[in-house]
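Please see the structure below; I have some questions.
Here the chain labels run A, B, C and D in written order, and each chain numbers its own residues starting at 1.
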Amino acid sequence: MDLIWLIPLLPALGAAVNGLVGIRFFSKRTAGLVACTLMGAAFALSLWAFWGLLDLPAEGREHTVRVAPWMSSLPLQLSDGAIGTFDIPWGFRLDPLSAMMILVVTGIGFLIHIYSIGYMHGEPRGAYARFFAYLNLFVFFMLMLVLGDNFVVMFVGWEGVGLCSYLLIGYYYTKKSASDAGKKAFIVNRIGDWGFIIGMFLIFTTFGSLDFRTVANAAATMPVETAGFGVVSLITLLLFVGATGKSAQIPLFVWLPDAMEGPTPVSALIHAATMVTAGVYMVGRNAVLFSHAPETMQIVAIVGVATAFLAATIGLVQNDIKRVLAYSTVSQLGFMFIAMGVGAFAAGAFHLMTHAFFKALLFLCSGSVIHAMGGEQDMRRMGGLRKYLPVTFVTMMVGTLAISGIFPLSGFFSKDEILLKAFLSNKIIWGFAVVAALMTAFYMFRLMSMTFFGGYRGPAWETGGAHGHAAAGHGHGGASPAVAGGGHGAKSAVAGGGEGGWHGPHESPKSMTYPLFALALGAMLAGFVGIPAALGGGNAIEHFLEPSFVAHAVVAEHPTALAPSEAKTLSESASVPESKGEASSEGGAHISWLGEIGLMAFSVFIGALGIFVAWRFYVKAPEIADNLARRWAGAHRVLSNKYYVDEIYDATFIAGTMASARGLWTFDARVVDGAVNGTGWLTMISAWFSHLIDKYVVDGTVNLVGAVLEESSFVLRRVQSGLVQNYALFMLFGVFAFVSVYLFMR
Amino acid sequence: MVEAIILPLVKIVIVLVAVLVTVMYIVLLERKVQAWVQVRLGPMRVGPHGILQPLADVLKLFVKEDITPVRADRWVFTAAPIIVLVPALIAFAVIPFGKTLSLFGATMPGYIADVNVGLLYIVSVAGIGIYGIILGGWSSNSKYPLLASLRASAQLISYEIAVTMTLVTVIMLSGTLSMVGIVDAQLAGGWWFGFMQPVAFAIYFIGGLAETNRAPFDLPEAEQELVAGFHTEYSGMRFAFYFLAEYANMIVVSSVATTLFLGGWLAPFPNVSALSFLGLVPGWAWFILKTFLFLYVFLWVRATLPRYRYDQLMRLGWKWLIPLAILNVVVTGLLKVLVK
Amino acid sequence: MITTTHYMVLSAGLFTLGLLGVMTRRNIIIILMSIELMLNAVNINFIAFSYQLQNPIGQVFAVFVIVVAAAEAAVGLGIILAFYRNKETINIDEMSLMRW
Amino acid sequence: MVDAVAFYVLAALILGFGALVITAKSTVHSVLFLVADFLCVAALYVTLQAQFLAVIQVMVYAGGIVVLYLFVVMLVNLKRPPEVHSDPRRLGRLGVVMSVAVLVELVAIFALGWSKPEVTGGGGLSPKNVEQLGRLLYQDYLIPFEVASVLLLVAMIGAIVLAKREL
């Protein structure tokens, strides 16, 4: 397990090779091979590390490797006047949480790499290698993020994944909408990073260290800020701002839908499975801090549920297949934050994992569909694809059922866990969450039916490429998807030049379908690691993850501080239930076995209801949907325009920024430049005076000196007669002087 | 008192007389040798086989008129021959003719003085001799002597370096500068340095020829080029002085060579008992014998070899003898270190 | 009895002679020779003191002085020759180019 | 007694020749007097138990340096005597006065016996003068010795460069 630092290094190697050498020299085959091999190796290595971790006793499942010092230690003064040493090593930390994360990242990343080989085959050679270089680089940074044992290393990964997502969203950089979306994602993330950085500073000045374990232990000894809004609350709030940026929560979720401009594997890997969950991971990593700040927990929960609800409503009416998935991603992330907010860190992490599986699966399936449709993304131009893409259909159905929380697929267990914890903590949050779950099931099955059932509404496929372009004209929901479709169609036509253009929806190549199978398997089975106690399961995942969320090292470090810290944890377990995981979930479970079973049945019923309604609307009688849309035209418009959030932001922040910038410019032009010019004038005038002084006073002095010297030289230069003997005579004077000294004043 | 003053004076007088007589007869010997080499008889008139010829020459030189050129620098003109002659004579002060010398029945050391820097003394004194030549040529205020004197001094200085280098090797072998010490060192070592230092010996011989302006290096008095060299303007007694000085220098060179390389007064194979009878002959006799051997080689060479050209002379001196001598010093040092 | 003082007076006198030569003569060769005289005066002091203290180190330094004198003579005469070749004179008063 | 006589005679000769050197009309004469002076100094060295130095004096000074002077004197054949042109700005007389003043001061210092001239115990200078100097030069003063030889080399090259007409 001391080799965990190799895990990030392998993808980095791949990125370096593909990026520096591959873009020039590698064939597509070589590039893909290099990337996938290194990813496979990383996956194997992380599996090995995972088993190594499992061997350890449950409490001691933590391993820290300090590879090298990074920032040499320098003492800094803290807020309480004490002196903390600021030293940052390249440290990697393997504990249950990060172990699960690296498994998810490398595993799903590996599958998606393989998928990309087939999906990107239409790209020109250089761009192909570039794509894989970016992808590897992303995995590298992601692993840095999850493995870092202090905030700074984590921040390196944090920024790195932001950069990679920018690069990959803007992968088709010749397309303005794509590069705009990239910039948007990057800038919106900056806002969150600002919060994160300030949080880091605050943490250091408060705890005198940036090491996760140290901070957690220090925090565990502090009182829970039930009363007021203290420094820990501030820290956690700032960190949460960062999390909203990275994980697309209100108010910073606007970048994620646009991020769908990137290639579909990218959407699957970065914007569904891994990067967007970084915020959730960060919150879980600092569970101790958060559990000491109830106010922040409330805020987190509220923001989470709001995001889940709103995103779900928006998802109801979107027509772009990938955008539907994007909004469902946002709402699922909302679910995770609900879990974090109610203190069910384990449940959140659990949902994170399962969501990674089925959301990646769904994205890849949609990618397969788009691939099959020659780049078409508008669901209204699809339909009845069931018979053309059986594999995709089956796998995607699995994913849909999973996300809808149908027993016994993975989504059921995780989402149900979250709903349970929410029910225990706050009924209102639970209500909204349930409605969001209902809508989730609805729009997901709407997507299925619009895509796979009914009659085929797509373009005729003799001249499919041309229609792909024609679609650009009357695309719905903004120009970008249709343009993307057109562009992609053109690309696939170029790629498929061998088989003579796009002829009809067709099943994807094996390199794409095999990952689908693998992920579907994952989506089906991933849930069984967390069978709740009510169903006779041991809820293994929570037991496994628990040590990551508590400051167990406190016991070892300050035995004296043990008692108060324990007292605190107990007292806080009332306000923030389950925050201490296993112990208090045994002690504080205020619900009977029957009630728990009832909740599960209810959530399953919710999912089934959503599915049934969607079936009713879009398969049986499609006109109902149109009637509804016509009757609620206003609401429909609002929803399909995503609550005008982008427009509001444009009107407020961006326009405001512009206006203030213009104002500042005017200020600059008038006042600052005026001041500068004024100073210039003053300088010139004073310069004129000083010039006079220079001319008459200084030069006068100099000339005076010169004149004096010249006059005196008339006398003195006789000395330099050029006659050797006179010079010798002077020496003789010297001798005479010395001898006289010796003679007279010995 | 007697030991301190009288005996040295007596010795000095003896040595001077001996040297002058020897010079006179070396001149005769030279003429004879050349005559024999050229299958002639040589001087035969004055006395049997011209045995009295030198006396006649000396007489002639004494009675000859002594001319001083106009606008010559009189003082220097007069001083030059003396400056040449004196060093040549005082060099004999440190030359050991024998370990001991029996004179009037008394036994005394066979040398005038044994200075601990004897060899250097000879070298420096020889250096003084150059002035005579330069000044003689310069003061006679005529172009041939001037050129000749410049040539002579250049030649002497150049070859003095090589010769001194060879002396250095000898000093390294003997470990002392005193002439007597050197001879004793050869006795102790059992080898004459001539055999231990053949290269040095050869260089010394060539250098000696050059230093005494003897053929084949007698450029300064090359009749064909500059009438008679630096003493063109001289006549009578002063000329005699130059003449004396040259031959005295020959004797000095020869006796120094004898002392350094041929074991001085030592009998051949002194440490071979079978040849101990050679020890019956007194040391000074051996010394004189060896010296005359050397002198004879001088004359022989003059009669045999043609004269060098000046550039050849310089090239030989600077590009062959000096590097060779330095190399010899280095090799000797290395051997001395390695053998010991 | 000859004490070191005698030698010192002698060397002082010789030194002063050299000094006078440097001061008065205009023939640069003779000036150089006067400098040689001064150096000899220095040497006399060295030797005299090495005799007084019965310590040969004084003679060592005299050797070094002689070395320096040789170098000085060589370079100085070279300069004189070069100068003479250019200006046909060795009068030091005509060597006064370095003046205002 | 004897050494006193020797000293006074030699001192007289040295000073006399020195005076002649700086007063002689012809350069050649002053060169000659210089040689004579050096020889007398060498003799003085001998009386001071510095035989090696005496010989070196004769060899290097008389045999080398002064010959160099003589050459230069001969190479420099002047059309007009060197002393004719005299710069009015020369302060010759002042120089003479100063030199004499310095001499007087020095003599005063010595005569007042401020130089501690008592002779210390003899025997430090062995008759094997050469060995002594050799050991000193090659053991204690090796570095200065080498530096001096480098100085000679530099001077040689410099003299050649200066005196050679065309390089």
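Everything below uses one rule, namely that a contact is a pair of C-beta atoms (placed from the backbone, for glycine too) under 8 Å apart; a residue touches a chain by one contact, two chains touch by 3 or more.
All values derive from a computational prediction rather than experimental measurement.
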Pair joined by more contacting C-beta pairs (A-D or B-D): B-D
Between chain C and chain B, distance of the C-alpha-averaged centres to the nearest whole Å: 34
Separation of chain A from chain D, taking each centre as the mean of its C-alpha atoms, in whole Å: 97
Whole-Å separation of chain centres (CA-atom averages), chain B against chain D: 29
Rounded Å distance, chain A centre to chain C centre (Cα mean): 94
Overlap residues in chain C, where contacts from two or more other chains coincide: 19, 22-23, 93, 96
Chain D, residues touching no fewer than two other chains: 52, 56, 64, 87, 90, 92, 95, 98-99, 102, 106, 129
Chains touching one another, given as label pairs in label order: A-C, A-D, B-D, C-D
Chain B residues touching chain D - in the complex, by the definition given at the top: 73, 75-76, 79, 115-117, 120-121, 123-125, 127-128, 130-131, 134-135, 138-139, 146, 150, 153, 157, 160, 177
Footprint of chain A on chain D - complex, ascending: 87, 89-92, 94-95, 98-99, 101-102, 105-106, 108-109, 114
Sites on chain D touched by chain C in the complex: 3-4, 7, 11, 14-15, 18-19, 21-22, 27, 30-31, 34, 37-38, 41, 44-45, 48-50, 52-53, 56-57, 60-61, 64-65, 68-69, 72-73, 75-76, 78-79, 82-87, 90, 92, 95-96, 98-100, 102-103, 106-107, 110-111, 113, 115, 117-125, 129, 132-133, 136-137, 140-141, 144, 148-149, 151-152, 154-156, 158-163, 165
Sites on chain A touched by chain D in the complex: 718, 721, 723, 725-726, 728-729, 732-733, 735-736, 739-740, 742-743, 746
Interface residues, chain D side, partner chain B - complex: 26, 28-29, 32, 35, 39, 51-52, 54-56, 58-59, 62-64, 67, 70-71, 74, 127-130
